[in-house]
Amino acid sequence: MNTLIIIALLGVAAMMADALRFKKILLPLIVAGLLAALGFAVAAWNSNLSYYHEMVLFNNYSLAFSSLLIVVTLLWMIISKKYFSSSSNMAEHAALVLFVLTGAVIMTAFSDLSMFFVGLEILSISLYVLAASNKSELRSNEAGMKYFLMGSFATGFLLFGIALIYGTTATFNLAKIASSISISETAGNTPMFVYTGVILIMVGLLFKVSAAPFHFWAPDVYEGAPTIITAFMATVVKTAAFAAFYRLFSTCFHDLTGFWSHAMAVIAAITMLAGNILAVYQKSLKRMMAYSSIAHAGYMLMAIVAMNKISANAVFMYAAAYSVASMGMFALMQSMTDAGDESVDSLKGLSKNNKGVIVFLSALVLSMAGIPPMAGFFAKYYIFLGAIQSGYQWLTLVAVLSSLIGVYYYFRVIFVSLQDNTEGSGHTLNKGQWSLIIIASLISLAMGVLPGLLLTLSL
Amino acid sequence: MNPSLPFFVLATLSVFSALMVVLSRKPVHSVLYLIFCFFTIGGHYLLLNAQFLFAVHIIVYAGAIMVLFLFTLMFINMNKELEPHKTNLLKVAATVAAGCLLLVMVGVTKGAEKLAAHSTRSDVGTVANLGKALYGQYLLPFELISILLLAAMVGAVLLGKKSVE
Amino acid sequence: MVQFAWLIPLLPLLGFIIVGVLNKRLNVAMSGGIATAAVFISFMISAFIFGEVAHEGSIPERVVLFDWISSGDLSIPFSFLIDRLSVIMLMVVTGVGTLIHLYSIGYMSHEQDHPRFFSYLNLFVFFMLLLVLGSNYIVMFVGWEGVGLCSYLLIGFWFKNIEYSNAAKKAFIMNRIGDLGLLLGVFLIYMTFGSVNFSDVFSAASSLPQNNAAVTAICLLLFVGAMGKSAQIPLYTWLPDAMAGPTPVSALIHAATMVTAGIYMVVRSNVLYALSPDASSIVAFVGIATAFFAATIGLKQNDIKKVLAYSTVSQLGYMFVALGVGAYQTALFHVITHAFFKALLFLGAGSVIHAMSGEQDIRRMGALKKVLPITHLTFLIGTLAIAGLPPFAGFFSKDEILAKVWMYSPIMFVILAITSVLTAVYMFRLYWLTFYGEFRGSEHQKSHLHESPVTMTLPLIVLAVLSAVGGFIGMPELFHAPHFLNEFLAPVIFKVSHEEASHAFEIALMSVSVVLLAVIMYATYSYYVTKKVRPEEDSDELDSFAKLLSNKYYVDEVYAALITKPLDKLAAFVYKFIDQGLIDGTVNNTGTALNGISGQLRKLQTGHIGAYIFAMVIGIITILVLTMII
Amino acid sequence: MITLLLLFVPLVASLACLLFDKAKVKVFALGTSLVNLGILAYSLTLFKSDMSYQFLVDYWWVKDLGISFKLGLDGISILLVALTNFLMPLIILSSFRNDYKNANAFYSLMLFMQFALIGVFAALDGFLFYIFWELALIPIYFICLFWGGEDRVRITLKFFIYTLTGSLLMLIGLIYVYLQTPGTHSFDINVLYSTALSSADQSWLFWCFFIAFAIKIPIFPLHSWQADTYTDSPTQGTMLLSGIMLKMGLYGLIRWMIPFLPEGLEQWGNTAMIMSIIGVVYASCMALVQKDFKRLIAYSSVAHVGLIAAGILSLTIQGMQGAMVQMLAHGVNVVGIFFIADIIFRRMKTRNLDELGGLANNTRVFTILYLIILLGSVALPLTNGFVGEFLLLNGVYQYDAWMAAFAGLTIILGAVYMLRSYQKVMLGEPHARSIEFTGLHLTEKIVLVVVALAIIVGGIYPKPILQTAGPALEDLLAQVKDIY
Amino acid sequence: MNSILQYIPLNYYVALAAILFAIGVMGVLFRRNAIIIFMCIELMLNAVNMLLTAFSTFHGDESGQVMVFFIMAVAAAEVAVGLAILVMIYNNIRTVDIDELNKLKG
């Protein structure tokens, strides 16, 4: 709870920075605050506390995810310095980012649908603004508009679903909903619209995690939004969405698994394939990463589909592995944005200008592609393990095939980086980007070599 | 008088005005139909004994949101029929899709009769009751709504402010 | 002495290594000397061992060197079997080998690369000795393939000439075809008898009934091996081509020793063949067909070595006929006499070629009798021996074969007899054309004509003597002398056929052959010497049959058309269309297709919010319908 | 402890390589590989040739998932570890005449490869095996990508994805088997062996594993990555691939498939066998028409390993032992022959057989060594190749005589294409360019002589190999036959 | 005071909400003017609000109405942000036709 409060207050404080003239120390302040929040989260481990009439429940699951979100945000801060310092609206940006994080933390910890909704909206509304925040850039505007329109449209379905669930159970409390559903299921008098409600909530969430066929917004928004915001969206927001998704479905609708899991399995399969196949053709690295993030959503959905006792860990492990590696990739992408050319081909000369970067970059790419000994592999392994355990061999097979496609385009990044640039000096990185790539790849490797640290949290 | 008559009258009006929102060619007409629609929905709130909600609804929607809409509409000077319409094919497709959705939604939202008999409480929608709920059980989300509004405010300012280049 | 048997192959191996390593540091005399000495010492040891084994009542001995391959219950020691069969082969191999080594010193004296030649020759002797000494099929197979290798190396000795290396390759590959059969036969032996050791196999086999299917299969598979090695139809075409190698090689490998390995192997496995009359008759048929077929080709060849090569093929056919009719000793008898006279003929031919500065075409020879007296005389003895004039060696062995065949099948006898006549015809054609008439070569060649050095003539003389008297080791019963060879080999032959042709028949046969020979000698003499008929030049028009013969029935061409070229074409086709096209294409096209699909799918991403929302709605409807209503 | 040393010396050295001076890194890498060879030799002296796993190392890695860091060597694996350690110095030495750009990275990757390969052969935990299996793919991928030929980008990617396809299928299979293990699941090899799988499961699991191994081996028709990759990789990469990495697949068949899928093998073994044997003849035929020397060797390699696979699948002790011998023999021979191709390529700047010829005129030592290596690969008796092929064909023959006869065609076709290549390269009149062909350098001589000696010694005295692997293989077969 | 639900089945409200919701969706699909689309989304939200209120009254549970309250707040916030974005776009390209926004695609 302290974590949540600190982050929220940090957001409010950031908002005031401009007015109260402490802009200069804002970033250090945020870092310190986030570290404190992280500290509180870690300190609360195993405490399993519920607050405010069971509005939030900080159990290990939410603490782990909150910590992950904070850590990823801290990583993100490494490359975001320039974004903040170059913008005249630094305070507002920082505040919005922190509000997004607030929403995200709520989404990991809610135990009431109203909290879930509020968290989701705090996150979404701030993000709509952030996506459109590059005002002079038409593509940013377009991204903001698209995200906003489709996001609120999807929210409508989500709310309709929530309403239907409420209609049966007369409560928003997750535990009560679960028990009510369980009772009516055994009694056999579940109204049909409960199922509809589940499906509609699922649709709303599938939109948020950009699963096919609700993924269309993602590539456009990811591409249009400022790169730094895309990085945040692809990692922190995605992680939060999955945390909420799993939390909701594992606590509330666990008894209905047999009902929704098949549809979701098909969606997971389509998502993986669509994301990976579409990524193949992309010339722009940013857009490619957008599609790849869609594909990754497909893998994470597999864990929710499997819905067994390792699924929580699987989602967590995957989110961690994916977020860290993606963050590294986004550092590279940020450098491309700085250079004004986001096409993969512009990476030529990278390895020549930045000695040794190729090693770390390869590590990141291997992690994204899910190849040992990187974290991505263990995450995938865990997902597969869960899926097979629940009897989804076919889905695993699809996952395997689509990750092969993944290799196909991820490795292009390495190929191109290795080539010499015939004209001009080629691509270079700045210090922050460099260090983030190194840090991200090292974390990926560490998680890969010692997967036990994360795999055995038993969330 | 048939006690269920108000429902049917209001429902018909709601559906009609909603349809008109969609079908009106002029944006301003749409806005006005929407306001009307909101009033009919407000009527439903009254029928449902949700007096507080009725008040809030009228204030927020008809009073604030719709005014904002109208204001924007005026601001961008769209009172005339400048909206380019979709091709007929797309319109048909949209209607068919929406129609299907309608059928499906109505089809899949059945089963309310399976619920236990409805409560006879009539004081649910009172200000007192809701106030207790808001400041009691729902204190935390209520407070967090303020963060939400803050975020929206900061966002609107950020987007609306003239950038100092 | 028997326990030192391992020295016999070891010495040539050492010779190979020493000559091979010292290489250019040796002159001809030294490299040849070392090589010859190595084989000669082996010969001496063999002779000692022969003496011991020949002793009455000796039993076969195994000399185990080390455990070579053992896997499960398959155990293959690297061991030698010293029995009467192997010692007799030892004597032939090392004896003839020594002579040919000696001869080579002279023959190769002008060759720069002589150490390589001698080392290969020694290596050959080593493998040949392994072949005859091996106490199981696998060690035999080592020698078997080893001699094939050496044959390859020596045929292609002059590697700059691509034709020669083609001939070498052909020899090796044809041999390998046979080897595969042999290997499969060995596997079947192991499957059937659980062992590949001669002693185990034969003792197990002797209790089997006649015409056991497995045994027949074994015999046929082994015979495929023999076909390759001993140049039987259809795998004989490599042998004439093998004449590309230096002449001593032709004498040693392609006449006296290696090509008889097939006969040795069948004799060694006589227990099995005796059990399978079916397989034996196939052997006989193949043998007789080869004998006749090769003899007809021999009639029209103009290359002195080619004539001898086809004659060798034909003679090998004889031996297989003998094997096929169950006369194992007789076959071996012919192996021995053939080794003498064919080595003699080849070396004589070598001497002629040496004198003619490398010319091999008999149309360019003639009247060499006077310049090459020793060569001429020895060559005459060889010719008479192969033609079968009593009392030369060839007569006895050949006569014995004919007698045995007569008992087996009169029709086969007739064919074989005709072959005999043909043999005499082409041999005398060769003889007359080479040594009589007038010299037809160039002036340059004429000025260089000379008799060969003593290292070359000495082996000729020794072999001539052996060709003349070698037949006495197997006198027919008619003469009431003991048939030394039959008695000597009796212990290693499983089933000795006791049917003997009547004395009257033998006498008739003998007299008829003498008369016929005289007629042939006269006829060919008058044709080639008196009438001076010359073989047609290649450019001349031939009548069709002669053309067929001179082109060796076009067998090579047929093989090329039926096997080699289609295989190449097929492989090229498969490579292009199946391997690269279909298999690799599938893989590559997966990538291309993926790109294509990606390119098409991305068109769905139109950029229009309306379309996206439309897709969402359709998606929602679909999910709802699929999950809720269906 | 020895296992850990064997495993980690290359890893540590691999990292150390990055720090070294560019000029000395070659020597350092060679030194390390020799040290490892020394350790191996020492471990061989301690090795008792029975069926047990020795030099066991067993730590938990991820305990909750039943994943342990368990290593050990039995008669089967120690031979392959020996092969790796024996070939590594040769491969490194063979690179001494090449001046690779970024030599540090190159040798680092080579040693990392050694680490991964030893891991593959020594792992006694299914998951660990998989990790090493994939790890081995990464360095070779980069070696091919950085130092490869013209078309390397496309080809290495194809290679990577192709082999990864198999690996992931295997991962599915492994996970499934793991989930069938009793109690708290475990990847321990003994647990996996003793897990009962239903016949239907074994049926599809068979293909999961078989395809993975078949791609790596490669078995027809999954071989199409191979020729391209061999041709386009730097020679040392090709040596690693063909000399050692192919054996991963074969080893996988023996250790990670046959023992726990006996019924699957019963159902599909015949199909797999037919695939292998078709591949033997098919690849031989393909080798007939190759113009590129390296491609020719690549196809010949497919033929050889196909036969090895067939020998393993025959489930006879002769076939199995033949496979072991032939794995080692093929490893040695193919390294030798690729090195020969490399020597020729470096001097003549072409690998096209039609443009070569007459080299035998210039260099006697090279000719002889080439010939010996060639004879080894055509399985002439008294070379290592013969022992292997003899036992393999024998094993196949016991399985099915006709298959053996068909597979045996390889000894004919092998002779045809190898002799053809020899003829094209070495024989004939000296070529305009080949006149300048100079003699061998010392390092080249050392490599080739060692290979040639290994070929001959292996052919004359294969007993140590047979004895080392024998008990383990017999035990394994007994287990499988029990279930039949 | 009795609520209407004593005279009509709850199902009617559910159906009405569904109809209004579907009309909202139809509007989103039908129109190209971003403002109208916003309004249609508001309509969808109101359908939800009405449904929640109906359920709340039916169950005699106030949390449904609290939720409606939250939804209204969120709707207001959304409209604020949405209109800000819209105005910004209008300032840039002088149109609110969403089909003009297709620079990002593929």
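Note that the chains are named A, B, C, D and E in the order they appear, and that numbering of residues resets to 1 at the start of each chain.
Quick note on the criterion: contacts are C-beta pairs under 8 Å (C-beta built on N, C-alpha and C of every residue); 3 or more make two chains touch, one makes a residue touch a chain.
All values reported here derive from a predicted model rather than from experimental measurement.
Asker: What chains touch chain C and also chain E?
Answerer: A, B
Asker: In how few steps can one go from chain B to chain E if every step must land on a touching chain?
Answerer: 1
Asker: Supply the minimal count of touching-chain steps required to go from chain D to chain E.
Answerer: Between chain D and chain E, the shortest chain-hopping route counts 2.
Asker: Select the chain at the greatest separation from chain D, using centres from the mean of Cα atoms.
Answerer: B
Asker: From the Cα centroids, identify the chain that ends up most central relative to all protein Cα atoms.
Answerer: That would be chain D.
Asker: Which chain pair shares more contacting C-beta pairs: A-D, or B-C?
Answerer: A-D
Asker: Quick check: how many Å separate the C-alpha centres of chain A and chain B?
Answerer: Distance between chain centres, rounded to whole Å: 31 Å.
Asker: How many angstrom lie between the CA centroids of chain B and chain D, rounded to a whole number?
Answerer: Centres of chain B and chain D (C-alpha means) sit 71 Å apart.
Asker: So the centre of each chain is just the mean of its C-alpha atoms; given that, what is the distance between chain A and chain E in Å?
Answerer: Spacing between the chain centres: roughly 27 Å.
Asker: Rounded to the nearest whole Å, what is the centre-to-centre distance of chain A and chain C, using the mean of the C-alpha atoms as each centre?
Answerer: 78
Asker: Could you tell me which residues belong to chain E and also touch two or more other chains?
Answerer: 10, 14, 17, 21, 24-25, 28-29, 32, 38, 54, 56, 58-59, 61, 63, 66, 70, 74, 77-78, 81, 84-86, 88, 98-99, 101-106
Asker: When you check chain D against every other chain, which residues touch at least two of them?
Answerer: Counting only residues that touch two or more other chains, chain D contributes none.
Asker: Counting only residues that touch at least 2 other chains, which ones in chain B make the list?
Answerer: Residues 86, 93-94, 97-98, 101, 105, 108-110, 112-113, 115, 137-138, 141, 145, 148, 151-152, 155-156, 159.
Asker: All pairs of touching chains?
Answerer: Touch list across chains, by label: A-B, A-C, A-D, A-E, B-C, B-E, C-D, C-E.
Asker: Chain D touches which residues of chain A in the complex?
Answerer: 362, 366, 371-373, 377, 381, 384-385, 388-389, 393, 396-397, 400-401, 403-404, 407-408, 411, 414-415, 418, 451-452, 455-456, 458
Asker: Which part of chain C faces chain B closely enough to touch in the complex?
Answerer: Residue list for chain C touching chain B: 610, 614, 617-618, 620-621, 624-625, 628-629.
Asker: Contact residues on chain D for chain A in the complex?
Answerer: 61-65, 130-131, 134-135, 137-138, 142, 145-146, 153, 157, 160-161, 164-165, 168-169, 171-172, 175-176, 178-179
Asker: Can you list the residues on chain A that touch chain B in the complex?
Answerer: Per the stated touch rule, the residues are 8, 11-12, 15, 51-53, 55-56, 88-89, 92-93, 95-96, 99, 102, 106, 112, 114-115, 117-119, 121-122, 125-126, 128-129, 132-133, 135-136, 164, 167-168, 184, 189-196, 199.
Asker: Considering the complex alone, what residue numbers of chain B touch chain A?
Answerer: 105, 108-115, 136-141, 144-145, 147-148, 150-152, 154-159, 161, 163-165
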